[in-house]
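Two complexes are shown next, each including subunit A; its partner changes from subunit B in the first to subunit C in the second.
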Partner chain A sequence: MSKLILERLKAQFGADVLEVSSFRGDDVALVKPARWVDVARFVHDDPRCACTYFVDLSAVDLCDPRTDDLDMDDRFEVYVIAYSVEHKHRVRIKTRVSGDEPRLATVIPVWSGANWMEREVFDMYGVHFEGHPDPRRILTYDEFKGHPLRKDYPANRAQPLVEYRDGTFNKLGPFLQDEGMPLNRSAAPDERN
Partner chain B sequence: MEPVDLDFEEADLELPSEPMTLLMGPSHPAMHGTIRMILKLDGETVQDVDIQPGYLHRAFEKMSERGTWSQVFPYTDRLNYVSPLLNNVGYALAVEKLLGVEVPRKGQLFRVILGEMSRISDHLTCNGAMAMELGAFTPFLWYLKAREWIWEACEEQTGARLTHSFFRIGGAAFPPTEKIQAQIRSILPRTLEVVAEGESLLLKNRIFLDRTQGVGVLTKEHALSMGVSGPVLRSCGIDYDVRKDKPYLTYGECDFDVPVGEDGDTYDRFMVRAEEIRQSCRIIEQSLDLMKKIAPGSPDDAVSIVDPRIVLPPKDKVYTTIEGTIAHFKLIMEGIDVPPGEVYGYTEAGNGELGFLLVSRGGGNPWRVRVRGPCFFSLQAAHDMIRGGMLADIIPTFGSINMIGGECDR
Partner chain C sequence: MADLSKLETRTIGGGESGFVTTKFEALLGWARKYSLFQYPFATACCGMEFFSTASPRYDIARFGAEAPRFSPRQSDVLWVVGTISQRQAPVLRRVYEQMTEPKWVIAFGTCASCGGFYDNYATVPGIDKIIPVDVFIPGCPPRPEAVLDGLMLLQDKIGRCDRTPETVKNTLLAEGADEALEKLYQIRMKP
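Right, the complex of A and B next:
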């Protein structure tokens, strides 16, 4: 049924659609990052696709720090899933961006629900969405260092103490002595970065 | 009695014209513990709101990458902790999709039954808590009484009241106990009675109707582009239910209706949930009947598949045979060897479409586990439900989207 979307995408975008697959019934198209928004808009607007229902947007880190270069090309795979309530078909569109200053255009003009998901991808992976109206972190806080779902972020890393913020409403103080300390107290202070 | 402000000039008494900033939460009784809202108020009208989630972020996705595929189950319990069995089912089905295996018929029916029990407990909690936040404490206590019966049944089956961790990749931890079917059958009519009793207190109550009807409206188009799902989406008039539109397990064989609202307001969300409780009871009844028809001893009459690479061997085999010991050791120490691939598995959980995007690169550990928690999307849409309304209306609106911190912040 939804093979139709993949065929229409190939017909419309030609070589910009790098790869299509239908593994276990999931229809997936890998596109070039330059056409990311165009493809999203096509899937949304085209009457035969009509994927107006925004399902999900997130990313996968494809870099294995043991073998790969952290700045490798095609490191972060950002995907968006869209569904058509009318035609009852769904599609997953993926694109890959470089590990060195990853950037991608925002799809908020197509699906307004992408707002928080793109904030989450920025928070977790550090992919910057160009044109995002509110590029803040969402699940962690402004002072958080690093992007936790990157494969090179150690899961046991502790974050530094957050300073008292004056005049903003993002976090209220004052803090107690041991707030922000690592759970593992045996770690030497210089390792707590 | 003399007015106290006699000495003031007229100008001193004028209200300030600039909007007031008010912080609501994260520690606020109606914020369910973990959400902060920064409100810009003009009098009592909400001009703008900034919703800030993240206070319950527990790094679910990062932690999932560090264990084996089976070790994710206890984390899924803590996503939507009011209906943990539905999360268990959702994750198990997603991994099975990646593995390409299917659970025997009895196991499928069993998942449907326990999953729907969880859905009832989820909806009872949400509707009861919403009524309580509006001041109607009695329905809340009655609904919790019914929820208690459901949890007792879950305890009878799984051994735990809240975090069951019951389903496994390729089946379930145990076959149905002797008493469980009779127990579930006796709970259903009593639960429906309690639901009707609670509604009789609310649906003819002027205060409840005035506080919910026409409040927190979400339009169809907006709901679609926001990715809202579950009862919140259906209350807007869109009949999207994963159980109907892409039937999984044995939902395709069950006869049930998908309740749909009209206005997308708080009242419709309440009514959709109330009706879904009744439909869930129908599904459970039918599934219990279907389970009875399975011939004892047939291949269908099992809750788990038989595959030593996926399912743990029975304990007596582990202690007495070398094959059992090795299979047990391999599964515990190395985990299930899921072939490389990438799937998106999705089910209808209590709050809507619960999706798991799983990426495997072989070996025993997941490469990536992404959870599409439905209330993260509903909460994003809450911005438009709240804005322009009254401060006091935030409470029923927020209650009716059933924000569960564990699932939202992950």
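Right, the complex of A and C next:
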């Protein structure tokens, strides 16, 4: 695939495009969060890009809670993937937002399909999308505290809606040794294998 | 319910026809176990295996359990077929509470039994944390034969008026499997 979109982006936004890379047809551009919507709008509207088909919007938590500051400036990397049906090319645009009150402008005016995706990113990572018409959780429930895909969310913390029954549950585990994994819910995290 | 050891059925010859004495619970259990109306609460891939069990090749109708009722008030057995998420738990409990007595619950597959490999924020680690379970059917998903084993185990338990939870055993296990299971159980119970 040609690197046309990346070249157009660099020409249009200059230093606001922080980094571009291209690997086996995957064109990626990292942009400043302040120009997030502008870049999305350009990729959508520019006739040579014409990425009118919204594929996905999600995020990555880049921090390592053992070593990094949870409020680090570029903790959450939000990305959007867009495809051009007309030109048959695809681009991934990324931006990084701070771990301390992560905020980003919504791209719903550009691609209305981003609505539920942004809700999911808010639900899982706690990134607030400014201008979102319905900024509720989408997968977990309103009673849920925290954001489960953040690296500092404890892997074994459940927040049951129904109180668990009392009593011991000393049934034999349905897993056998040759059936995948041990029943390790009560084991400490480093004892898991 | 009644103690198992006290249930006895005797046939007494008397004249040409003879007659039978039995305990009321035993008679009731015998009547109930061959007419189980089921509520399939199918949430995940185990559902496919449930359809297979219900369809003619395996034919769950042979066990008097062919009638699915999609109203909890008309059903006797709640089949929990698949993963139950935390968000779904209130629904499951409500369905269980709406069923009329007598009612039984079968945990179909590993996810329903213990959460399976979903060891995370989203999944209930076994439906027995929410509602009482009579029979656990392990397997990911269990084969229809295992499901029928589970159904027959439930029928057996109904006939005996026994409500203790039981797990379908793998009858093809090699020698020493009991020790292996016990060891696994010890690993799980480690503090």
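Here, the second predicted complex is superposed on the first by the 157 of 193 C-alpha atoms of A that agree within 3 Å, B and C clash if a C-alpha of one lies under 4 Å from a C-alpha of the other, contacts with A are read in each partner's own complex, and residues count from 1 in each chain.
Here, a residue touches a chain if its C-beta (ideal position, glycine included) is under 8 Å from a C-beta of that chain, and two chains touch if they have at least 3 such contacts.
All figures in this text were calculated on a predicted structure; none of them were measured in a lab.
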Practice problem: Considering only the touch criterion stated at the top, classify A:I138 as touching first (subunit B), second (subunit C), both, or neither. | Solution: first
Practice problem: Check the residue A:I81 against both partner chains and state whether it touches subunit B (first), subunit C (second), both, or neither. | Solution: first
Exercise. Go through the superposed model and pick first if A:W116 touches only subunit B, second if only subunit C, both, or neither.
Key: first
Self-check item: First, second, both or neither for A:A155, with subunit B first and subunit C second
Solution: both
Quiz item: With the two structures laid over each other on chain A, which partner does A:R24 touch: subunit B (first), subunit C (second), both, or neither?
Solution: first
Quiz item: Of the two partner chains, subunit B (first) and subunit C (second), which one does A:D61 touch, if any: first, second, both, or neither?
Solution: first
Quiz item: Touch check for A:Y53: first (subunit B), second (subunit C), both, or neither?
Solution: first
Quiz item: Shared contact residues on subunit A for subunit B and subunit C?
Solution: 139-141, 148, 153, 155, 169, 172
Exercise. Spell out the residues on subunit C that touch subunit A in their complex, using ranges where they run on.
Key: 86-87, 89-90, 93, 110, 113-115, 117, 119-126, 128-132, 136-140, 165, 167, 170, 173, 177, 180-181, 184-185, 187-191
Practice problem: Spell out the residues on subunit A that touch subunit C in their complex, using ranges where they run on. | Solution: 139-141, 148, 153, 155-162, 164-165, 169-177, 179-187, 191
Self-check item: Residues on subunit A engaged by subunit B in the complex (per definition of touch)
Solution: 23-24, 26, 28, 52-56, 58, 60-61, 79, 81, 85, 88, 92, 111-113, 115-116, 124, 137-141, 148-149, 153, 155, 169, 172
Practice problem: Spell out the residues on subunit B that touch subunit A in their complex, using ranges where they run on. | Solution: 21, 23, 38, 53-54, 57, 59, 61-63, 66, 97-98, 100, 221-222, 224-228, 238, 240, 245-246, 341-344, 353, 355, 357, 359, 367-368, 370, 372, 376-377, 380-381, 409-410
